[in-house]
Amino acid sequence: MVATIHASQQTSNLKLQLSLMLLLRSFEKELTALSQSGKLRGSLHLATGQEACPVGFCAALDPQDTMTVTYRGHGYAIAKGVDFKLIIAEILGKQEGLCHGRGGKMHLVDLDKGLLGANGIVGGGIGTAAGAALASKMDGGHRVSAAVFGDGTVNQGHSMEVFNMAGLWKLPMIFFCENNLYAEMTPLSRSTAVIDLTRKMEAFGIPSVQVDGNDVQAVEEASQEAVRRAREGHGPTFIEAMTYRTVGHYQNDPGTSYRSQKEIQSWMELDPITRLASVLKVSDKDLESMRQEAVGKVKETIEWAMALPDPKPSDLSEGIYA
Amino acid sequence: MVATIHASQQTSNLKLQLSLMLLLRSFEKELTALSQSGKLRGSLHLATGQEACPVGFCAALDPQDTMTVTYRGHGYAIAKGVDFKLIIAEILGKQEGLCHGRGGKMHLVDLDKGLLGANGIVGGGIGTAAGAALASKMDGGHRVSAAVFGDGTVNQGHSMEVFNMAGLWKLPMIFFCENNLYAEMTPLSRSTAVIDLTRKMEAFGIPSVQVDGNDVQAVEEASQEAVRRAREGHGPTFIEAMTYRTVGHYQNDPGTSYRSQKEIQSWMELDPITRLASVLKVSDKDLESMRQEAVGKVKETIEWAMALPDPKPSDLSEGIYA
Amino acid sequence: MIAETASKTLSFPQAIAATLSQEMARDPDVFVMGEDVAHFGGMFRCTEGLLEQFGESRVIDTPISESGFIGMALGAALVGKRPVVELMFVDFSLVAADQILNQIAKTRYMSGGRVGVPLVIRTQGGGYKGAAAQHSQMLEALYVHIPGLRVVCPSDPRTAQGLLASAVRCPDPVLFIEHKQLYGTSGEVPERELLLDLGKAEVVKQGTDVTLISYSYTLTLALQAAENLQKEGKSVEVIDLRSLNPLDFDTLAESIRKTHRVVIAHEAHGRCGVGADLACQIQERLFDDLDGPVLRVCGADVPVPFAKVLEDEALPSAEKIEQTLRKVLGV
Amino acid sequence: MIAETASKTLSFPQAIAATLSQEMARDPDVFVMGEDVAHFGGMFRCTEGLLEQFGESRVIDTPISESGFIGMALGAALVGKRPVVELMFVDFSLVAADQILNQIAKTRYMSGGRVGVPLVIRTQGGGYKGAAAQHSQMLEALYVHIPGLRVVCPSDPRTAQGLLASAVRCPDPVLFIEHKQLYGTSGEVPERELLLDLGKAEVVKQGTDVTLISYSYTLTLALQAAENLQKEGKSVEVIDLRSLNPLDFDTLAESIRKTHRVVIAHEAHGRCGVGADLACQIQERLFDDLDGPVLRVCGADVPVPFAKVLEDEALPSAEKIEQTLRKVLGV
């Protein structure tokens, strides 16, 4: 499919992806500021530095395809087409938010856009994604379903049970693993006997591919191929996207006590945004103005959302049963 | 170690193993009769045809080594040295039983003999075995710990979590998997993406060996090697013992609706008892008299146990807290 | 109760299988999955014949991966299917507790009510069979404590049929707990489709002296106890709770306002059990209607023991219920 | 209470870490394991410094495999160790529920009392922080319902220290639930070793008009409510339950026989909660001592919502407790 797209169209797609990555980056920056000023409740798990993963991966999905993501998954929600404004309203706990303020940051869900749910439980949504793939298979397998999760998540029993069933039943799905080298503060080498996750997946009969997760084009390409395999009935693929969060695990973690400055720096140099900008030969000035635009959009949305009404306390029990 | 044993001693060991297998076989036969006559409560999960596994495996363990087994694990309990009479008394729900009638068949436990517990939950005791191995490692790693379970159990999340930690931490332990081709009525090929379990274990960094589980000598040899590795600090081994229960999954399952007569017959011909008898050149007549002796021992014990007093209802709450 | 014209006798497992078959024929989105449910027809024969009728894509044997396949049921439900999962023993629900309690139960609320989770987890629990501590539990209280699930316990083949059909059609997730003692029983079920209201309790025996609330297999024992006392002219009103969440408090209250005395009988442990919950709510809301304390007959607060004498001591019996009724009635 | 001579001020996490250090120094069989407990010192700093003091073999970082490592704690306990596991959020206990409820809780009884399981699962729960439905629960009721575990909730640094030390020395498995709201608090703790009886409730404020029973962080709110009413001359006796299983009913009964009125306040859901359990037992055993119904202030029966206004509405507050006290007192 990629091959049939004209070069110019490809460039314009990449430009859009650059904008999207800038939007995600700005989104996280503004939320951090909001959190620091005490205007945001709860934990904030950011994915700064990992933006090529959601943007590249979601580019390979069709609107009707489904996915589950993690507490760190707002980027995927946005890239999958969930209304950015509703996400911000949700994160601010507003009645007009995506989940009417009930779910919050860790529980974004929007079936219309194929987002089956973010999750607060490590691995907790992997079965959900596979269930949608099973349903798709019953219906002919045209919809693809994806589970997005981190490297540390492969050690959770639920994940592995699902890997096995997906491999066994050749479900039309993708396991998209963001290997950012750490689970909280623990490096993969201290949590997994076999750190080559693609080898690990052989146990489940799932073919794997490792990809540079900071290269949006590489991510998209690998994802396209996996999606094609799934849609053609060849079953699941495990994509291991090598990436890095240049920030801490969550807002109160500077991320520096368990990672060397050198390591962080070396990944900063692989920043997906500057890399794509240089591929596209976007000048620093133009990049800065794109960034400004993104920041403006986020700020404006935050301002709008802050003024929205809170949920009504008397509606506390709304929505629990049909 | 094996090499240092004199041939005659080896023969006498094998004779003992033959007796032990006959005891297990008779034990199961008599319990079946008891169950059929309504004198035994609850489900009875038999391992008829699999006797070489407990006998061969436990021969490789030292008294202070520990293990957890399954609902089908009475053979291991006996082979590990748990008092056979107390097991029968327990199965009959007597106060003098191994667990004072509280646990029953599925929950045999005897710390003095290193039996950390049988289990009613598939995979439920695998963590327990690994925990004892972790404790042993803290103390220098001289005790080896084993988890015994079936082929279907590899699909349970808990099992896989423990496989990973055992591989990661190089725990002095053995995963002894009785691959009897079925989990209840489901063949491995319909439950596991990768049916070569030894390959599966590569995902957890655990070296594996497949062994003829109906050949007591082969089982013992592989087990000796695994135990040696564990004791020498080389970490866990996965032993896949290929075997077959010639009876049903439990007493109400004839075991014939999902397995062909031909398949069952072919495994009957690989019966571990007749095989060892022929290795030892035990005549049919001698074998029959050994069998009679075993039956006599079991019957006598059952008779003894049947006459024992039941637990006192007023003691219902005894034993729950220290 | 409306008279149901034509009826037939079915065993409890047959009633379940017939209902599943009916619902699968009615709605192509309904499918069944679980361990040995397809080729073998279910460890307790509750899915017998479904594979032949509906094929492998709708009757699915799973690996021993309860957390995995229950999670998959959630995903399938979110995209429009109506999964009916069989979980062989409710005791095993604990290996899938995160999926049931943190995922399935919470999904609708966490979405602000925008997302429905129409699925059924059929499972089986209870004692009296010498199955010991890990195969004899009644765990409904755990699933009532966490909001978001409907928890339903049928008490005979007819309620199994009517409640299960309603559960399959329910837009909310339903935990449907059958009792192993009921699998051996038979009863009349209507020939025609039966739908029983999921949120309703039923007065199964009218009475005036005391209200006896029960559910699941314990209801059988409760009715025996009530009949024994009837012989002495004591009139026990017996209520089959059926739905533990939501609770039909109105039906309970109406009865209690009449009898002023209450006994609750169930098999699960007492502490933080459904009986404790009911007793608490009753005294909170009907304190002045009560002539005395609400008493309970529960399973003892010990793991279910193996030996028969101990298991009998641990679990409710008609006799124990009768004794408690006598205590409340002062006879 | 015996006067504790020398004391110092510690934050709640410091009190935990100091106690763990004390117990590990005392008994070489005590070890700590959990996610990020070693090199990082614990997500909530409760294991800070232990790695440096005791080394990697006794302070163990685990993979994200709660079922696995909690199961391993059981095995280690069976062979003589004293594992203290950190489970980062009690919400995550549901991925390990089989190990906790089917294995750890039942092992001793199933062995006929022949086998002890001396281990502690330290965990953290509760709301008020905008952590939403999967990171805000109080799940003690699930663990009280199933017999075999001791369930303990400290209410400040001092009780944390005294109860944790006792828990580590306890021959039974203890689920030790800390509250995230308490992590930011500090308090006086004795310089010397403190051991508080695991099975005892404590009257933390004497009173005569009504008995207010609470535990964990809610106790802080309960004390505020009681003090507010004190200003109006209403005398509220406040009891810190501390141990939810076993229950110190005697301490409750003594108070209730004096006050004849009871309010129970906790954060967990109401249905089948600890409050329901206590209210039920109180009316069962002390019906004639009660002037009116036992009332509860509980968390609402919805998943903990994210938005502040909703979370505030869902969870107990000093104000809500005060209102309920007023209702009971008729003021």
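Going by the order they are written in, the chains are A, B, C and D; count residues from 1 in each one.
Keep in mind that, in the parts below, a contact is a pair of C-beta atoms (placed from the backbone, for glycine too) under 8 Å apart; a residue touches a chain by one contact, two chains touch by 3 or more.
Only a predicted model underlies this, so the values are computations on that prediction, with no experimental measurement involved.
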Most distant chain from chain D, judged by the mean position of its C-alpha atoms: B
CA centroid of chain C to CA centroid of chain D, Å: 31
Distance between the centres, which are taken as Cα means, of chain B and chain A, whole angstrom: 46
Computed distance of Cα centres, chain D from chain B, in Å: 40
Computed distance of Cα centres, chain C from chain B, in Å: 36
Where chain C touches two or more other chains, by residue: 62-63, 65, 67-68, 91-92, 95, 98, 102, 109-110, 132-134, 147-148, 301-303, 305
Per-residue overlap in chain B, given as positions that touch at least 2 other chains: 97, 99, 101-103, 107, 119-121, 124, 155-158, 161, 164-165, 168, 190-192, 320
Category of the chain touch graph - line, ring, star, complete, other: complete
Residues on chain B engaged by chain A in the complex (per definition of touch): 155-161, 163-168, 190-194, 199-206
Interfacial residue positions of chain D with respect to chain A in the complex: 35-36, 39-40, 43, 61-65, 67-68, 91-92, 95, 129-135, 300-303, 305-310, 312-314
Interfacial residue positions of chain C with respect to chain A in the complex: 31, 57-58, 62-63, 65, 67-81, 83, 98-99, 102-103, 107-116, 147-148, 150, 170-172, 246
Interfacial residue positions of chain A with respect to chain D in the complex: 41-43, 90, 93-95, 97, 99, 101-107, 119-124, 152-153, 155-158, 183-186, 190-192, 257-258, 310-313, 315-317, 320
Chain C-touching residues of chain D, taken from the complex the two chains share: 67, 91-92, 94-95, 97-98, 101-102, 105-106, 109-110, 132-134, 141-142, 144-148, 245, 268-269, 271-277, 279-281, 283-285, 287, 292-296, 301-303, 305
